[in-house]
Amino acid sequence: MPSRRVGAWLIGAKGGVATTMITGLAALARRALDPVGLVTATEPFAGLSLVDFPDIVVGGHDIRAGRLAAEAGKMWTQSRAIRPDLLADAADFFAAVESRLRPGTVVGAGDRIRAIAEQGAAVVVESPRQAIERIRSDIAAFAAAERLDHVVVVNLASTEPPPEWPIPRDVADLEPLLDEVATCPLPASSLYFLAAAEAGASYVNFTPSAGGTPACLQDVAVARGIAQAGCDGKTGETLLKSVLAPMFAARHLEVMSWVGHNIFGNMDGQVLDDPRNKAAKVRSKDHLLASILGYAPQTHVSIEYIASMGDWKTAWDHVHFRGFLGTPMTLQFTWQGCDSILAAPLVLDLVRLVERAWRGGERGGLDWLACFFKSPLGVTEQSFTEQVTMLHDWVERQPSASS
Amino acid sequence: MPSRRVGAWLIGAKGGVATTMITGLAALARRALDPVGLVTATEPFAGLSLVDFPDIVVGGHDIRAGRLAAEAGKMWTQSRAIRPDLLADAADFFAAVESRLRPGTVVGAGDRIRAIAEQGAAVVVESPRQAIERIRSDIAAFAAAERLDHVVVVNLASTEPPPEWPIPRDVADLEPLLDEVATCPLPASSLYFLAAAEAGASYVNFTPSAGGTPACLQDVAVARGIAQAGCDGKTGETLLKSVLAPMFAARHLEVMSWVGHNIFGNMDGQVLDDPRNKAAKVRSKDHLLASILGYAPQTHVSIEYIASMGDWKTAWDHVHFRGFLGTPMTLQFTWQGCDSILAAPLVLDLVRLVERAWRGGERGGLDWLACFFKSPLGVTEQSFTEQVTMLHDWVERQPSASS
Amino acid sequence: MPSRRVGAWLIGAKGGVATTMITGLAALARRALDPVGLVTATEPFAGLSLVDFPDIVVGGHDIRAGRLAAEAGKMWTQSRAIRPDLLADAADFFAAVESRLRPGTVVGAGDRIRAIAEQGAAVVVESPRQAIERIRSDIAAFAAAERLDHVVVVNLASTEPPPEWPIPRDVADLEPLLDEVATCPLPASSLYFLAAAEAGASYVNFTPSAGGTPACLQDVAVARGIAQAGCDGKTGETLLKSVLAPMFAARHLEVMSWVGHNIFGNMDGQVLDDPRNKAAKVRSKDHLLASILGYAPQTHVSIEYIASMGDWKTAWDHVHFRGFLGTPMTLQFTWQGCDSILAAPLVLDLVRLVERAWRGGERGGLDWLACFFKSPLGVTEQSFTEQVTMLHDWVERQPSASS
Amino acid sequence: MPSRRVGAWLIGAKGGVATTMITGLAALARRALDPVGLVTATEPFAGLSLVDFPDIVVGGHDIRAGRLAAEAGKMWTQSRAIRPDLLADAADFFAAVESRLRPGTVVGAGDRIRAIAEQGAAVVVESPRQAIERIRSDIAAFAAAERLDHVVVVNLASTEPPPEWPIPRDVADLEPLLDEVATCPLPASSLYFLAAAEAGASYVNFTPSAGGTPACLQDVAVARGIAQAGCDGKTGETLLKSVLAPMFAARHLEVMSWVGHNIFGNMDGQVLDDPRNKAAKVRSKDHLLASILGYAPQTHVSIEYIASMGDWKTAWDHVHFRGFLGTPMTLQFTWQGCDSILAAPLVLDLVRLVERAWRGGERGGLDWLACFFKSPLGVTEQSFTEQVTMLHDWVERQPSASS
């Protein structure tokens, strides 16, 4: 039986997460890399007949002008996070991916993104409806040219501001608003979602942007027969919160305050320097504590752009809690993680799992992928361990790989 | 129906954990304290008809000469960990408990403990058999005088050196060795265990000492119809390890090294300054990582006695791990916890849960109490969350409180 | 020779720093406290004939309604920072000081302070000129009633917003503006300064507020024959910056970024929650790095009000620097200090040193006190060690105590 | 006037510090590197006519068999501390230096070093006297072949155990002991020192080993007309101690305990795994606190070999101190520095400064170089800032460069 070919279509294909994922896939495809960091490379997933690395074809959209290899190179030159020999070895792979990249849209992407796009050559004046059609056509052409069995679109673009106007509950009410930028409440991430749905591609939202989350778009996913997962990859400080907060709850230790201070210096950081973009991110990072603890301690989350950090996100968290006899105590942690290095393998995991679920007949939101996300679609459970159990339960529900 | 009365017989009744537990129980019994830190005060345990705080009677053994109230007072004067008004309010309660304290044994307790005892007035020259009989008699007299339905003995004494000779597999082979200190392989904690078993009292080992762990003594527990739980309360750095290590495993992040450095200044710390005593403790803190991760990273655990810290145990952990593309990253945490404050409510939890299990007919080792211990009896699972699930599953197996 | 009596007149006499200073002075005056934390209690100052603790008389202004002892008590109940027995021992001393307290002014103090005052009973409707006269009269009456040889006024009030309009260079141009709140550019701290000057009292500004810093007021200090010192006591994170930054400079290590995140929960923190008040504070904390390093690294300073922290100010600083061959490295520190405990002995030091300098004939700004301040008056040197050398040089210039 | 040529003869020329220094010198000599980290590249040293980088010629001894370029490459492959392009650019320079390397001696170097040497090809059976003569001859041949005006020998070898027997006070008594390894109390570092002195080369001891410190050898330095400096380069945790401890002293804050925990993974770390070697190092790191503070707080210093860290030395320090009213507070810091990167530029600084001093007529120990060392020769001052002042005072005493 010939193997299946699966497309990974990346929105923000020249960003740190995407280029790290591409660099890694280049090495994995030629069996030159130990798959550390890939959840799907661990034992429980061995029998699932997930798509193999050489059978994943990457394309995507971006609004930046730079060359893909040059953007990937920043992970070495600015961040010392990817060894230069790995980048050199991926040169042919970068060239192949680059030939499949298309200009993104800035419709609904916010002023920060528009400014970045204007520095490039990629600005396209178009209506929301035209943007959807252009993107859909790009994805469909990709699938046809590469003879792909399925495409998974992954949103890796920078965080958008929250939508300014309410999005109609019914997709029929949305339809007439798509002709004018001025009247359309959908951000860019949702336009990409609609285009993916029309192209029959599944959709993963790795950011806190709206994407396919609005209720009317969740309906679209089901109607069009695609699977979707999201939102906002859980890679660092929030991952730790979702691991540590259940401990305080289980031991009946009262969290009085939880302060988190994040610094980093990649493009995401620059975009988050706009307070409107930052608001969406902070909300996604902050809401889980009350959900896990059952009460709301005082919290503070700050995210600051510090250029020298490059892709290294350092988080300092200070947890002030009260134990027996009211005695106050403290847990502090410092997380020094490289954002793109932590996120990139999860993108590969999600492409493999979403495709597998779609192949198995699942449509709409995949709630058992909650452990990958800060704001999981359709799930209130925020404890990481409980979420991992949801994932393992799904694995056990699958027919064995021999089928 | 008159309420049940339960005895909590503490070995090391003048130590920090015991005096903190007693101070708290004094306040809980008169409904003057919010039960923060008590696991059994959370919602899942509400319907279990656990023994209520006013119905717990405390007695115990110690080898120290000081007055109980004065020992408890050190938690304020040396550590600023218990508010002085709480200590003052417990004065009558301290006096009542003190009237029930009996001199402990130094047989098999190691040189450090013997030296401390010799500063007091409590040294008793006796054979192991005489020690067992004396302790048994103390516990039985306590149960009779206070008209107790059941007694739970809790070992809170300082960590012993590991036994120097092998302990026979069969209790019949042990019997003839009990007449001479020189021939008896049992440490003090195991003598206390045997005395408890002969008195029909259940036994909780909150330390890494041998206690009822040797196989022949586990047989004794079943034969005598008592329940037991242990070993070594999980309160700080090890708790965090058992919470964080599963995250690295779930995300397929490779832990290269995990270093833990602990400083504290209470009597436990002084006793651990003896390398033989420390060896037992470090082993108990260090073994779980390989069990959770499935491979053995380089580890280092140090415990140092720093007098100025008093009962505050500060742990600094440095976790060096490798992610996607082999990129090294770091998690550091600093835990500033007060050892006795963290441990004391768990002692109350264990008294309540062990008595409840014994009342329900359970005998021998209670493996579903694993989440309380660093080295849980009869359990290989080391992930804290999985252990908490074992506890909650037990709760759900119980008939409702109305029965 | 009878000893000199010196007045310490505190603006903000019910705040944390003031009440801590008063609690300590009560104990020092009866020789019941080891003077840890007092710079002037170290050996180099032994021969200076500084005013002795029993000869310091405390009075002051505040805008709060609470009782002094109750406000002082918060250092125990909210912060566990002062032992309750020390507070109890100071009861008579508190009563005596309280009899010397007078209502403060809210003219020019900003909306936050006005709101706090309105909760009390202390609001006084008055013009700036009336405020100056009322305050001057309070200070003069204090000096007369207590037969004081000199009074030192110390500004310990919460940080004010920066002045909204420019302050005239010439005091003659200021004069006609004092009749109306609406036309007066002087903040409350400067009104207190003018009142002190007219009363012949020296002035210490322990805050970043304007106080006697404006050039026309520096002229007033000289003209009226008073000494002054300021601004903004250097007690925690900034102290460490002024100690550590010279090391990076001396070793030619390039600081790329220096991030400082501060959390605390006292009234200062609440006042700083107003962005205008915070701006003045952050500026005072942030400017010294460029001065010491000779270039401006990227910096970020945040200050957040976290109620559970009480008077404990925890600062996390992340210093990202580059060494030989461009290799990036990191220094992080966590400072867990109690703000009032660190500041209060410095207030006593400053009262003693400013009075001694005034007694020795010094008038106007005392630049050799730079080591006590974040923004030292008339000094560009920001290295703490160099500033300490300035202080020791002054000591050596004094005639011996026997004169 | 033709420029002077100066030799830098490195003991341990294939170690991390040496290879990093060589890599950097290769780049500095061709003006391809910003001299960050070099103290002598800052403004105060501009007029001293120090030897210029292209005029420094490197040779040395080592006991290892590996190729120099391969050893240098470990700073990239094991530690990610030197960019691979800098290593590639230095290839010719490495080859030139390698041609000047000679086999070291293992006489008096301790079992650990002997074991490493035996893995190589460099073991030489010789008496102490033969070793001195062989080394002297190597240095003299180097000076002649390269037409050097002066040679500075720098000891960069791993820490030795302390000498086992007392070293005679008088060099005449030492003389007869040099014929037998079994009777000679001198460690290898002192044999190298004697060889340097006989070759007329100055000597810098960058390690805590004995080197030229014994009194009889200090006499030799003067008699032979060489300059010397040492001991033990101050690059990380100890540097911070010497910067921070004076702050606690100046503010009269009482340090109750100071705990330092160091982890690193380079060859120094492996050598320090031998407790006898470690003892010398810990003593050098620990003694300065009492000297600066004027009293001895409880201290603890640990150094552990953690392989994954490579050349990155991470230190966690916990300073527990007491302020006003006896309130305990805490400062913690984490230093993440690369040992060789921090040390290498100081080696270049010392070669330049020692040669300049020797050229200016200075002989024997150079105490004004104290700021570079943990255990400065002939100096009790331990405050870093005071030591920096000593260095700057020396600079000001020099005749201007134009002379």
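Think of it as A, B, C and D in the order they're written, each chain with its own count starting at 1.
Throughout what follows, a contact is a pair of C-beta atoms (placed from the backbone, for glycine too) under 8 Å apart; a residue touches a chain by one contact, two chains touch by 3 or more.
Remember, predicted model here, so these are calculated numbers, not experimental data.
Between B-C and C-D, more contacting C-beta pairs join the chains of C-D. The pairing of subunit A with subunit C is characterised as same-residue: of all residue numbers used at this interface, over half are used by both copies. Within the list C-D, B-D or A-D, A-B finds its counterpart interface, over half of the contact pairs alike by residue number, in C-D.
With centres set at the average Cα position, the gap from subunit B to subunit C is 49 Å. With each centre defined as the average position of its C-alpha atoms, the distance from subunit C to subunit D rounds to 45 Å. Under the contact definition stated at the top, the residues of subunit B that touch 2 or more other chains are 80, 330, 332, 334, 336. Taken in their complex, subunit D has these residues touching subunit B: 80, 256-257, 259, 261, 263, 298, 300, 302, 304, 306-309, 314, 316, 318, 320, 328, 330, 332, 334, 336. Interface of subunit C with subunit B (complex): residues 80, 84-85, 334. Residue ranges of subunit D in contact with subunit C, taken from their complex: 20, 23-24, 27, 33-39, 41-42, 81-83, 86, 239-240, 243-244, 246-247, 250-254, 322-327, 329-338, 341-342, 344-345, 371, 383-386, 388.
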